[in-house]
Amino acid sequence: MAIEQPDMRVSIGPLHLQNPVMTASGTFGYGEEYGSLVNLHRLGAIIVKGISLRPRQGNPPPRIAETAAGMLNAIGLENVGLERFLAEKIPFLEGIETPLIVNILGDSVDDYQELAARLDGEEKVAALEVNISCPNVRHGGVAFGTDPEMAHAVTKAVRDHFSRPVIVKLSPNVTDITVIARAVEEAGADALSLINTVLGMAIDIEAEKPKLANVFGGLSGPAIKPIGLRMVWQAAESVSLPIIGIGGITTPEDAIEYLLAGACAIQVGTANFINPGATEEIIRGIGKHLTARGIDSVQELTGRARRR
Amino acid sequence: MAIEQPDMRVSIGPLHLQNPVMTASGTFGYGEEYGSLVNLHRLGAIIVKGISLRPRQGNPPPRIAETAAGMLNAIGLENVGLERFLAEKIPFLEGIETPLIVNILGDSVDDYQELAARLDGEEKVAALEVNISCPNVRHGGVAFGTDPEMAHAVTKAVRDHFSRPVIVKLSPNVTDITVIARAVEEAGADALSLINTVLGMAIDIEAEKPKLANVFGGLSGPAIKPIGLRMVWQAAESVSLPIIGIGGITTPEDAIEYLLAGACAIQVGTANFINPGATEEIIRGIGKHLTARGIDSVQELTGRARRR
Amino acid sequence: MRAYQQQAEIVRSEKLSDDIYRFTVNMADIAAGSKPGQFVMVRVAEGLDPLLRRPFSIHQVAKGGLVQILFKVVGRGTRALAGMQPGQQLDMLGPLGRGFAHDRPGQHYLVGGGIGIAPLLFLAKRMLKTVEPSAIRVLLGAATGTELDVLGEDFASLGIDVQLATEDGSLGEEGLVTELMASLPPGEGTVYACGPYPMLRVVAGISRKKGWECQVSLETMMACGLAACLGCAVLRRDMNGYVHACKDGPVFNADEVAWL
Amino acid sequence: MRAYQQQAEIVRSEKLSDDIYRFTVNMADIAAGSKPGQFVMVRVAEGLDPLLRRPFSIHQVAKGGLVQILFKVVGRGTRALAGMQPGQQLDMLGPLGRGFAHDRPGQHYLVGGGIGIAPLLFLAKRMLKTVEPSAIRVLLGAATGTELDVLGEDFASLGIDVQLATEDGSLGEEGLVTELMASLPPGEGTVYACGPYPMLRVVAGISRKKGWECQVSLETMMACGLAACLGCAVLRRDMNGYVHACKDGPVFNADEVAWL
């Protein structure tokens, strides 16, 4: 019967993508790094390494450690800063038709607001993804993403200064993800991304000290998939915003799990390191799954496991 | 030099164990189940499946699912209930010299209090481990372990009705573990166990529904080790209670990581399923590590990575 | 009943069809006490992925401590297992669970569907120690003939009457194994069945009508195999609580459990 | 520079000592553009544990798209790799990073410690395309002789002067490879060094005193090898920010980085 290709297009609120597979911030550099390994034109969207107003050096090494089916990172948000991003990285990305989503981070609400205002002027930037897992320096270093009021404030500041879609990326290190999700929805976000990394650590028993110079780091990779899926499911139950699922997605099957849980699109993170071909394999695999089941459009998968 | 055996004894507050390796609740049945595979006399302590006042049937199947380097369970706290535990399970355990720690759970503060009072009369029970990850039916089903006031109330109720050591087992599904740890310390606990399982889920993409009948389940196994280690480290920084480390411990090296992070003893959970010999291998392996480094006593490992 | 954890050498690996393998493994401790219908929990990877052991029925026990398992590749664990070579060691745990009770009077009907045929060869051989081949009938079903031919011959060589059914008609009758049961005479007899859940439900129903006792081997998800995790719950017939497949089963009397 | 991801067949596996292996792998795309000092990222398991790729220097490139890696078993990943057999496929990513700049005047000193000798054979062979064997000297050190003898011969067969040092004195001089450097004449020359960090720090110090340029290949933890994860940070000489070993290195001029 269905010899036609299934429709892989998705809409994340006002953002339209040719397929639901994006690259997770911080795992795909500024796109260029994967240029010879991935057909960048095939991706749903490219999300670049988190950008701050000023360049950041990041944490001292060691910055990464391997764990069971996962990895810890404490890169410390090293990035080239907004100016160099605009001057050096955007030109390459302008040559790629795939929508560009810029992940932004700051130390204060003002930082986020200024980033939003500056990037509003950049046509290539299809949407912003606001990383609220960063510590708020004005409020004793507590992460924006763990306090609903701060999450609301950041979201609103970005919303008011950016005219295209605003996606807010939630931290999983909270008691109740739905409280943060609702705060962000109320503040006017167009979509949610979840999850960011789970706070963890590892110890070198020979040196008798933490493996990461920063002590703590963010856990990512297949190990956290059950946590990400659970949070996507919970968020899908409590807000009506479109949700982008992230966490441990390595295969098409993983991506489909997230869609069935309620995500309308997904991001591939750590898997890019293990298998640079992961994003393209996932796009193909989702297509095959739809064809095999006679499903016309990938959008029909969203939330299907929640309706049973 | 050190041809003597290192001293493997540990004290968890007023509780003295021949070595720091215990079995995690729910992963070792009532002890008897492993009787032919493990020399039960060699263990630091045996912690049995969580006991409630009345028997519980538990959740419908499927109750377990495998994940990357981990597993999900939604057993639903199935247990024989206090009466049958006392009548049928304690006699076997009385024949084992190893200290018995009973894990208890309830739907209300009263439940916990009654369990404590009843078990206080059982001499074989060396200590209680209070599982506060369960939902409080009187308070809208929010887990005791996610609210510092409720955690305090449960701890105090048990403390006031049990004369031997009270260990409180914390849930990792919170924004800030130190807040709960401090509440429990103030309420008079003798020690903390952490972590319990991390809330997660998995989806069967063929059936398009959650793999667990209960939708959500608790993630355990090597995948969560980085999370457990981080929480032990954080708790060790914020309270002065002895800490029992749990989460993904599968090898002697894993156990040593927890000790270095600040635990004075550890529990082996999911690893019992994969390798029934795990506890004994871990005891031997810690001993070898001490000997190789010329460390006299396992107690010297506790918190060593935090002092560098 | 005592369980053993053993490092056991793979002595022989046979590929019986595209996706069905038979391993012969040396594990004297486990072999000694094994009963038909019992199972082993096998560690399929040295690393942490896949993490959990996989349960497999004991397919045959031979002298010298050799045990066979017969398995079908259905996922990551069985795929990893299939790739293992003679000479390699397997971490085995067993024998586990409650097997078939075959001290019954009357006729014995061994009914297997798909890879569910695995425990029936061991059962038939044990039965032959006390009953005549003529008191045993074996009915086997599968999707296609390649899944059955070797096993069918194994039974036939014991002098037991074997009837085969395949869904594609490539071997024996075309159809389901349960259809073969229709022509059997009612009366005193016991059915020993193993296979997919929907098949077992039908087998239980037919047995009730024919007046046979019915023992079924049920598959559930299992983490420990030792009655410790309580993962392998099966709803009781009275819908009031659960029995556990690794301890109360995997072989249950069809009357003990609810058929959903 | 273009990187390739290739499924590459292991053509040959040699065990050179207790824990040192040399694999010959067929990967034409990666071989073609490789330069000495560059590396590949190898997936060591099919499952998810161990998860990350492991970096290995390109040890030799032969005709027909064959590439060799030389590695030492130090943990789970290298142990899994060592167990792989000819005929199996390896998922390889490369060539990656910035290699040695060997278009230098004067003497060339190739200094390797332990498994750090891996990239030096490829370097020596490339150098011989433009310089005489007499312009090259190779100094290799290891804990014991078995780690060096095969490699020492490989260099010697190129007509290059090789000096060996072992900590246990079982081959060459007893002592550290850095001690062999003392007797070399100062003046125009370049050191190409690879080995453990403490050794490289000493090599950098000696080179400075002797007036040689010094290039070092640094090992760091790496997740991607593609300048995407920013995990492989190395502190700059001016202590003001980081360079990245997978892109700016792994070969750095000793003056670029801080020596801690």
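In order of appearance the chains are A, B, C and D, and numbering begins at 1 in each one.
In this section, contacts are C-beta pairs under 8 Å (C-beta built on N, C-alpha and C of every residue); 3 or more make two chains touch, one makes a residue touch a chain.
Computed from a predicted structure; not experimentally measured.
Asks: Name whichever of A-D and A-C has more C-beta pairs touching across its two chains.
Replies: The comparison resolves to A-D.
Asks: Centre-to-centre on C-alpha atoms, which chain is most distant from chain B?
Replies: The chain farthest from chain B, judged by C-alpha centres, is D.
Asks: Please work out the Cα centroid separation of chain A and chain C, and write it as a whole number of Å.
Replies: 47
Asks: For chain C versus chain D, what separation do you get between their C-alpha means, in angstrom?
Replies: 54
Asks: Using the average of all C-alpha atoms in each chain as its centre, how far is it in Å between chain A and chain D?
Replies: Comparing mean C-alpha positions, chain D is 36 Å from chain A.
Asks: Report the inter-chain centroid distance for chain A and chain B in whole angstrom, where each centroid is the mean of the CA atoms.
Replies: The computed centroid separation for chain A versus chain B comes out at 34 Å.
Asks: So which bits of chain B are touching at least two other chains?
Replies: Within chain B, the residues that touch at least two other chains are 68-70, 221-222.
Asks: Tell me, which residues of chain D touch at least two other chains?
Replies: In chain D, the residues touching two or more other chains are 48-50.
Asks: Please categorise the chain-chain contact pattern as a line, ring, star, complete graph or other.
Replies: Basically all the chains touch each other, so complete.
Asks: Over in the complex, which chain D residues touch chain C? Could you list them?
Replies: It is residues 45, 47-50, 76, 80 of chain D that touch chain C.
Asks: Which residues, counting only chain D, touch chain A once they are in their complex?
Replies: Touching chain A from chain D are residues 2-5, 43, 48-53, 91, 93, 220-224, 226-235, 240-242.
Asks: Taking the touch rule as given, give the residues of chain A at its contact with chain B in the complex, in rising order.
Replies: Chain A residues touching chain B: 67-70, 72, 146, 173-176, 198-203, 205, 208-210, 215-216, 219, 221-227, 229-230, 233, 248, 253, 256-257, 260-261, 289, 304-305, 308.
Asks: Touching chain D in the complex: which residues of chain B?
Replies: Touching chain D: residues 68-69, 222 of chain B.
Asks: Mind listing the chain D positions that touch chain B in their complex?
Replies: Touching chain B from chain D are residues 48-49.
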